[in-house]
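Note that the chains take the letters A, B, C, D, E and F in the order they are written out, and that residue 1 is the start of every chain.
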Amino acid sequence: MATITCFGELLLRLTAPGRERLLQTLALDVHVGGAEANVAVSLSRFGHQASMVGVVPDNPLGAAARAELSRHGVDVSRVRSGDGRMGLYFLEQGAILRPSEVTYDRAGSAFAIADPAGYDWGTLLAGAQWLHLSGVTPALGERTAQAAIAAATMARQMGVRVSFDGNFRPKLWRQWRGDAPAILRELMGRAQIVFADYRDITVVLGREFAQTDPFARVDAAAHAAFEAFPQLEVMACTHRTPHSVDHHTLSAQLCRRDGASVHAGSLDVAGIVDRIGGGDAFAAGLLHGLIENMADSDALTFALAAAVCKHSLPGDFNLVSAAEVRSIAEANGFDVRR
Amino acid sequence: MATITCFGELLLRLTAPGRERLLQTLALDVHVGGAEANVAVSLSRFGHQASMVGVVPDNPLGAAARAELSRHGVDVSRVRSGDGRMGLYFLEQGAILRPSEVTYDRAGSAFAIADPAGYDWGTLLAGAQWLHLSGVTPALGERTAQAAIAAATMARQMGVRVSFDGNFRPKLWRQWRGDAPAILRELMGRAQIVFADYRDITVVLGREFAQTDPFARVDAAAHAAFEAFPQLEVMACTHRTPHSVDHHTLSAQLCRRDGASVHAGSLDVAGIVDRIGGGDAFAAGLLHGLIENMADSDALTFALAAAVCKHSLPGDFNLVSAAEVRSIAEANGFDVRR
Amino acid sequence: MATITCFGELLLRLTAPGRERLLQTLALDVHVGGAEANVAVSLSRFGHQASMVGVVPDNPLGAAARAELSRHGVDVSRVRSGDGRMGLYFLEQGAILRPSEVTYDRAGSAFAIADPAGYDWGTLLAGAQWLHLSGVTPALGERTAQAAIAAATMARQMGVRVSFDGNFRPKLWRQWRGDAPAILRELMGRAQIVFADYRDITVVLGREFAQTDPFARVDAAAHAAFEAFPQLEVMACTHRTPHSVDHHTLSAQLCRRDGASVHAGSLDVAGIVDRIGGGDAFAAGLLHGLIENMADSDALTFALAAAVCKHSLPGDFNLVSAAEVRSIAEANGFDVRR
Amino acid sequence: MATITCFGELLLRLTAPGRERLLQTLALDVHVGGAEANVAVSLSRFGHQASMVGVVPDNPLGAAARAELSRHGVDVSRVRSGDGRMGLYFLEQGAILRPSEVTYDRAGSAFAIADPAGYDWGTLLAGAQWLHLSGVTPALGERTAQAAIAAATMARQMGVRVSFDGNFRPKLWRQWRGDAPAILRELMGRAQIVFADYRDITVVLGREFAQTDPFARVDAAAHAAFEAFPQLEVMACTHRTPHSVDHHTLSAQLCRRDGASVHAGSLDVAGIVDRIGGGDAFAAGLLHGLIENMADSDALTFALAAAVCKHSLPGDFNLVSAAEVRSIAEANGFDVRR
Amino acid sequence: MATITCFGELLLRLTAPGRERLLQTLALDVHVGGAEANVAVSLSRFGHQASMVGVVPDNPLGAAARAELSRHGVDVSRVRSGDGRMGLYFLEQGAILRPSEVTYDRAGSAFAIADPAGYDWGTLLAGAQWLHLSGVTPALGERTAQAAIAAATMARQMGVRVSFDGNFRPKLWRQWRGDAPAILRELMGRAQIVFADYRDITVVLGREFAQTDPFARVDAAAHAAFEAFPQLEVMACTHRTPHSVDHHTLSAQLCRRDGASVHAGSLDVAGIVDRIGGGDAFAAGLLHGLIENMADSDALTFALAAAVCKHSLPGDFNLVSAAEVRSIAEANGFDVRR
Amino acid sequence: MATITCFGELLLRLTAPGRERLLQTLALDVHVGGAEANVAVSLSRFGHQASMVGVVPDNPLGAAARAELSRHGVDVSRVRSGDGRMGLYFLEQGAILRPSEVTYDRAGSAFAIADPAGYDWGTLLAGAQWLHLSGVTPALGERTAQAAIAAATMARQMGVRVSFDGNFRPKLWRQWRGDAPAILRELMGRAQIVFADYRDITVVLGREFAQTDPFARVDAAAHAAFEAFPQLEVMACTHRTPHSVDHHTLSAQLCRRDGASVHAGSLDVAGIVDRIGGGDAFAAGLLHGLIENMADSDALTFALAAAVCKHSLPGDFNLVSAAEVRSIAEANGFDVRR
């Protein structure tokens, strides 16, 4: 069991019921989410001491988001209140050949406009063994980019290990014309674990990877990443092949500096219930595996099972225990458990 | 963009929630529908000026049906109020091997009993470029059959192009012992576009088509239809292969007088959300394609994508834009759009 | 049409909505169930006179369970009230690779603690042609085991035919250290029809069956059962192959004393709506087929169709008529019925 | 405990959720109702053997209506299936100063069009001690009027006591220009108990009652009724004073041939949950009281409490036991019962 | 019947279900609202040609808001799309002594940030007889204040009559330190009808009104307003006395330049369903009365009845016809209408 | 701000929706509750560090109950898992004259059967300033009675102040024939604050209090209690007058050893949303007031406002802040807060 601090934006997700178009009927289901919060909840469910750092508005929406993390065992005592609004996103769940659509409504959020000087990272990271960040945070603007870099920098100084999930979102970067490669290099350059595929590395290093075999292509990208970032130990990602909106195939890959490249899967994910948060579930699963000193292939199998499991659950959070993930990883049968 | 008038019955659909049997629990979801109204809503969503002609009772049910069409941009100023009740149908959604079941409750509806003389077609069609009708309307009784023929006749006189969707419903015809072949010939004999497969042509012309290849069979039926109806330009239909209640395969075919026969698909439609309205979505899609002067194969691909899309949406209406259908037709990826 | 008495516990099932984890949101759907009650409802829906014998608490929960059986035509005049609580179970519906989970909460139920002397079987079975029991009842404790044996014994004396569904639940037996083999032998030794596969027979007779072909293995087990139980006429079971939580393949087998072994299926059950009660639907289907003097293969095909149909319906009950099951058995098409 | 046969139409009620306008959102709650069915359910809940006679269509709607009565213990074996549709009504619940509105949709119902010769009253009333009818049934048309008179006539011949609830609905009578006074006289002329106020008697006897005191006015009307109908023993009614849509005051009155006039109430009914079925609950309550040989004032107090209780329950049915009504009649406290 | 243009912001309201705290359970009901949109919907329901002018984002939320107005007959062809987000507000419905709470989330909305030069008022007001504005619009910021003044100015030039509802919101004005008195004077100085009480006039004219009788105080304020604004013809307001969160008493007052002061009410509003939009319903009611040339006291009675009626309906809109309001105004009885 | 430990059973409440009878429709709303847990949540919401001690089963129900307390900020690290089931209660919400009904289903709960030796009170109370208990816990059985006495005894030893809420439940005591007076004396004899009215003191001391004035009667009971229990400082209670199920009047009283008797209220509580938990809200409110060193009358006014507020909120918990309660206590207006 480890102590992990996650830094990122808490969001409210407002989802059209069933497979309806957004506001086809005038009702919305609400879930709490956010890439890093999803990781925190997963890790808490796996038995770790997960703690969230962030900013929410001082209103019922911010309070509800904090409360929901508390409900799942995440320490929210370091989520402070600030000016600005609650970050929202609206989700419409697709089906068959009609893709799901996200409508973001996070501009001007308390998290986005918070002064980076407001985070006292020495205090916030005290006691943590890991800091988890994602590429969504710096993509939100100058201020969050500065805060993310400050967090990673202080983590390195304090000997806190850093996990970074690429999560490249070009739309967000374009809005404020942020220098994504430079900023992401600052973050990847401080991480021991990076969740990224070849596209992320292309963005960060400005290099193309043209291998036709998808695993070889990630190997090449990982090789480049290990060269560029000497502190980096592990690069991992999933491979997703969507056959339709409801039916994907997933596999996973973990690369080590020594050239080791472990694969897991592929698993058939048919009848997807809710795809959001699959990548975060994978990240949390792998962190858990590595923290627990599983062999790389066991950790990767666990992480992939966690990711697949998320697709079976409504909402952003992967509300399962480590034992449940293990049981899925071991394919312990698909009939009712009584 | 065109101006299209749709003539037909507005219905309220009352659906058992989820996959329950009808009234298994005592709740019903409500949708507005009706073959021609579904086409009107699709066309409005595609950017056309769609207008509905029909009759509803002067009560909250009739008002709700009109309001729902307005919500989707259809002009309902020519839907008048009349004596009689609101046409209803109750729907139970099947699953796996248990088929969906419709329980009609449309006898005595305001639309069915309306005096055909009450429609002043010269005024109702003023400004329209297209009139869309379906075989459901004449199947309802003597009065609606007369009204449909009068509408098509006036459309021809005014140079309004006519689109006719066969939609053959033997149960309805039997109830009043209507002479389906004679009446449908009146309507098909005035249409430029007919949505029909070989079974409809067999009914109308009293000829069998015995080809084993389904596309060849439709070609033969189309040939017969073009011979019988000199004004007819296009005959189109879908081919549906159901593997289970939730999983069909769809393809489509468009025939021209010159013998050209274009095919689209086949597309796998697995995990069907709601199959009702698929044919109407196809008709609207093809009308859009032809109005927009797409090549026949592009128009057919668009129409098939529209039909498939409908299967992913709860309710009778295909609540998508032309851009969304194009994106599905081009298979632009099945992962979440952010 | 026959008169059938079912003896067993009525349960309330409390289910998390959709595919949520239990109490992920604080709402529960309620269904009434119980292995023998499920059979009673099916048989009533098939046109038989089904009657329930059991005990429920004298409170709104017991009343609701009785009322729900009445709603489906089952005679509940012999379900009496007694001390103790209502048996409950909580259900979480899995998806993809995450299995469904049952949390039982039936300890101390009115049924479990009822004095076996409280059942006057001569009166309770008067007029019955069949008595249906399952292995769940004796597994609940000494008292219910005694009651089940007394019921079967009196049935034999009165010439009432006995149907017994194995339903072996090791967890329940372990709780009170009941001698499952001895007690189940008492019950199987009085039944004309037993629903059991090789595992049940292994438990009862203490013999392993090592054939690799699953049908041959059941044949061997049936052979042993016919040897051990001279009154036994039929042994039947389903074969279930789960590909994922939502996708199983089902076939079925019926063995006669003369060595006849009839098979049905296999049928693909994809997009499972609710798997609970599938075995009870099979038992009711086969009882119906045999009561109606169908040929064995027709009866088995009917029973398998009934079992598959249950997977398409929310709740424990298979709310379909015999005509609907026949139509599924005959694969009469998967498109909407209008 | 008595055996009571109720003859009338089963209806499905479709209600807008909460206090919404009808179809403001596209969902409807469903309840089963009908004036005589409401009485049957109440009496069954009070411990009597209540039986329904009527006709429903042979479709899922008719089946659901029968099932719902069964659920509450009413014998529906004499509700037969027939041609025609299910009678429906749509309800919008008002509030404050906005009245509730009913939209009837019962034209052409299986009950309304059923051949009166189809009822074999000798068989249908065999074993009954009471027949309960209401003025809604003859108001539906010639056929139902004939059936109601035939039922009352046969009841008199067989010595079955007749209870008749006036329920005068001018709108229904006007639709077919039925001779309400003549027909209602036939029915009142065969009843031992009539639920009616002065307005009903005015309609039936063509006499005005001009007393300003409402109780005196009913006394005068009762005097006239007892003169006109020599078999009549009891006339009873409620007095309702609506202060707003949600807040009424209720009292009740029972008149005997000997001039005895008993009063109950008045009770304040504030925060009305659902007013529909209040009169039927009163009728059932009084029938129960008289059958149980309560003193008139006790019976009337019981009936008024039953009527008030109905206002606290969603749906048409008064789902309470006699003990619960007694407790309300005795005002046993308004705090939570634990 | 008149043609009325309403200028203001369209909002989505997200409401906690029942009387729950916001996000107590994670679901939200959605309604469309906005002070001026509420007036537009009311007027459309009363039979007028109401048209909305405003700006919404080009996303599913903006589209849903437009569609909902269309559904109620409001012309939305002049609601254009623009940059920025959808204005939202979250509502928690109080009860007993716990007040309802609004959490605004409208900063940065497409309406708030729209360039005032983007409105071509000559075109937008073509054909209108009335322009309706409220004090919410200028309170949103410099840009909307300019737009509102430009609209009123052009209306005066074109001879379009102006209706202005004060709706003073100090919180909004403080946020951008707008000069409320000066800006509101510009608007009141161009209106023929002003909805305002003495507090609004105090803000605008900087004068206190100290009369203890509330009607006299409004008379005094009206006198001052008529002096300050020579074009002003009518000032009207409601008087609200809240006894608890669910129980208010409402009366109303209309003042004319000649000193005439008409009163209506008071009406008891107990069991409030939804208080939001009551003031807008009053404004729409009075506009309707004056447009229809009712006597002042009739118009005021109608307006007050409309306001009270709104309290009985979920959502912001007063979904009633003029006939329904008249019936409430005439207190036509509170029992169910059948 | 104080540190308060609450010891008691966590319960799941399963409530019929709206004002339905239990299982009238087959759905249940779920809330977490329990007298002491309700106090803990209130205190946490008021800003205190509340901690729960108890036992729940190791299943999803127990986990959900813990999670829900966490969500509201209560420390659940001392709620351990144990054998047995989750305590449940089913609630039906009455209306008008029909009382709400609780159906308990808590027999055999993990809390009830937990070994009292399993609580290490020295550790469990470490750091606490207050221990809060209620009379429900000892009423559950020998084991919980022992545990409660052990907790109070250790609290006294450690200088932790004890708050005890009488909550006398005769039904529970009768079930195990517990010596209520003796056991309750042990607990009251260790408390500084007791929530009790004259009935509780009668039970405990075996003395009647016959004063007709309700406040005088409580004064007399308090006098007796102060004599019997020398450590007792404060006795407080509410006075509730129910006018109907939905409409109560509440006042409150606080007595000191020196004979001081402070009163608050009375407040009219009309349109009750959910009465459960009102007493617990009062207890939490008074504890808060006294901890914060309010004057007795301010504390009592605060506590009464908290109790009234609870009646406006669905569920057992009083989900309000101290500021919100203060605002209610000060009657800061009942109109919408924007």
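The rule is short, and it goes like this: a residue touches a chain if its C-beta (ideal position, glycine included) is under 8 Å from a C-beta of that chain, and two chains touch if they have at least 3 such contacts.
Listed by chain with UniProt protein names: A, B, C, D, E, F = Sugar kinase.
Fair warning: this is a prediction, and the values are worked out from it, not measured in the lab.
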Moving only between chains that touch, what is the shortest number of steps from chain C (Sugar kinase) to chain F (Sugar kinase)? 1
Using the touch definition from the top, what's the fewest steps needed to get from chain D (Sugar kinase) to chain F (Sugar kinase)? 1
For chain E (Sugar kinase) placed onto chain F (Sugar kinase), the superposition rotation in degrees, Cα atoms, nearest 5: 120
Chain C (Sugar kinase) and chain A (Sugar kinase) are one sequence twice: same or different residues at the contact, by the over-half rule? different
When B-E is set beside C-E, which has more C-beta pairs in contact? B-E
Most distant chain from chain A (Sugar kinase), judged by the mean position of its C-alpha atoms: D
Compute the centre of every chain as the mean of its C-alpha atoms, then state which one is farthest from the centre of chain E (Sugar kinase). C
Please identify which of A-E, A-B or D-F repeats the interface of C-F; the criterion is that more than half of the contact pairs agree. A-E
Report the inter-chain centroid distance for chain C (Sugar kinase) and chain D (Sugar kinase) in whole angstrom, where each centroid is the mean of the CA atoms. 42
Please list all residues of chain A (Sugar kinase) that touch 2 or more other chains. 21, 26-27, 68, 101, 271
Please classify the inter-chain touch graph. Allowed labels: line, ring, star, complete, other. complete
Mind listing the chain F (Sugar kinase) positions that touch chain D (Sugar kinase) in their complex? 18-21, 24, 94-102, 104, 169, 171, 240, 242-248, 271, 275-276
Interface residues, chain E (Sugar kinase) side, partner chain D (Sugar kinase) - complex: 267-273, 305, 308-309, 311-315, 319-320, 324, 327-328, 331-338
Within the complex, which stretch of chain E (Sugar kinase) touches chain A (Sugar kinase)? 14, 21-23, 26-32, 59-61, 63-64, 68, 85-86, 88, 90, 92, 101, 103, 105, 107-108
Interface residues, chain D (Sugar kinase) side, partner chain A (Sugar kinase) - complex: 25-27
Can you list the chain B (Sugar kinase) residues touching chain E (Sugar kinase) in their complex? 67-68, 70-73
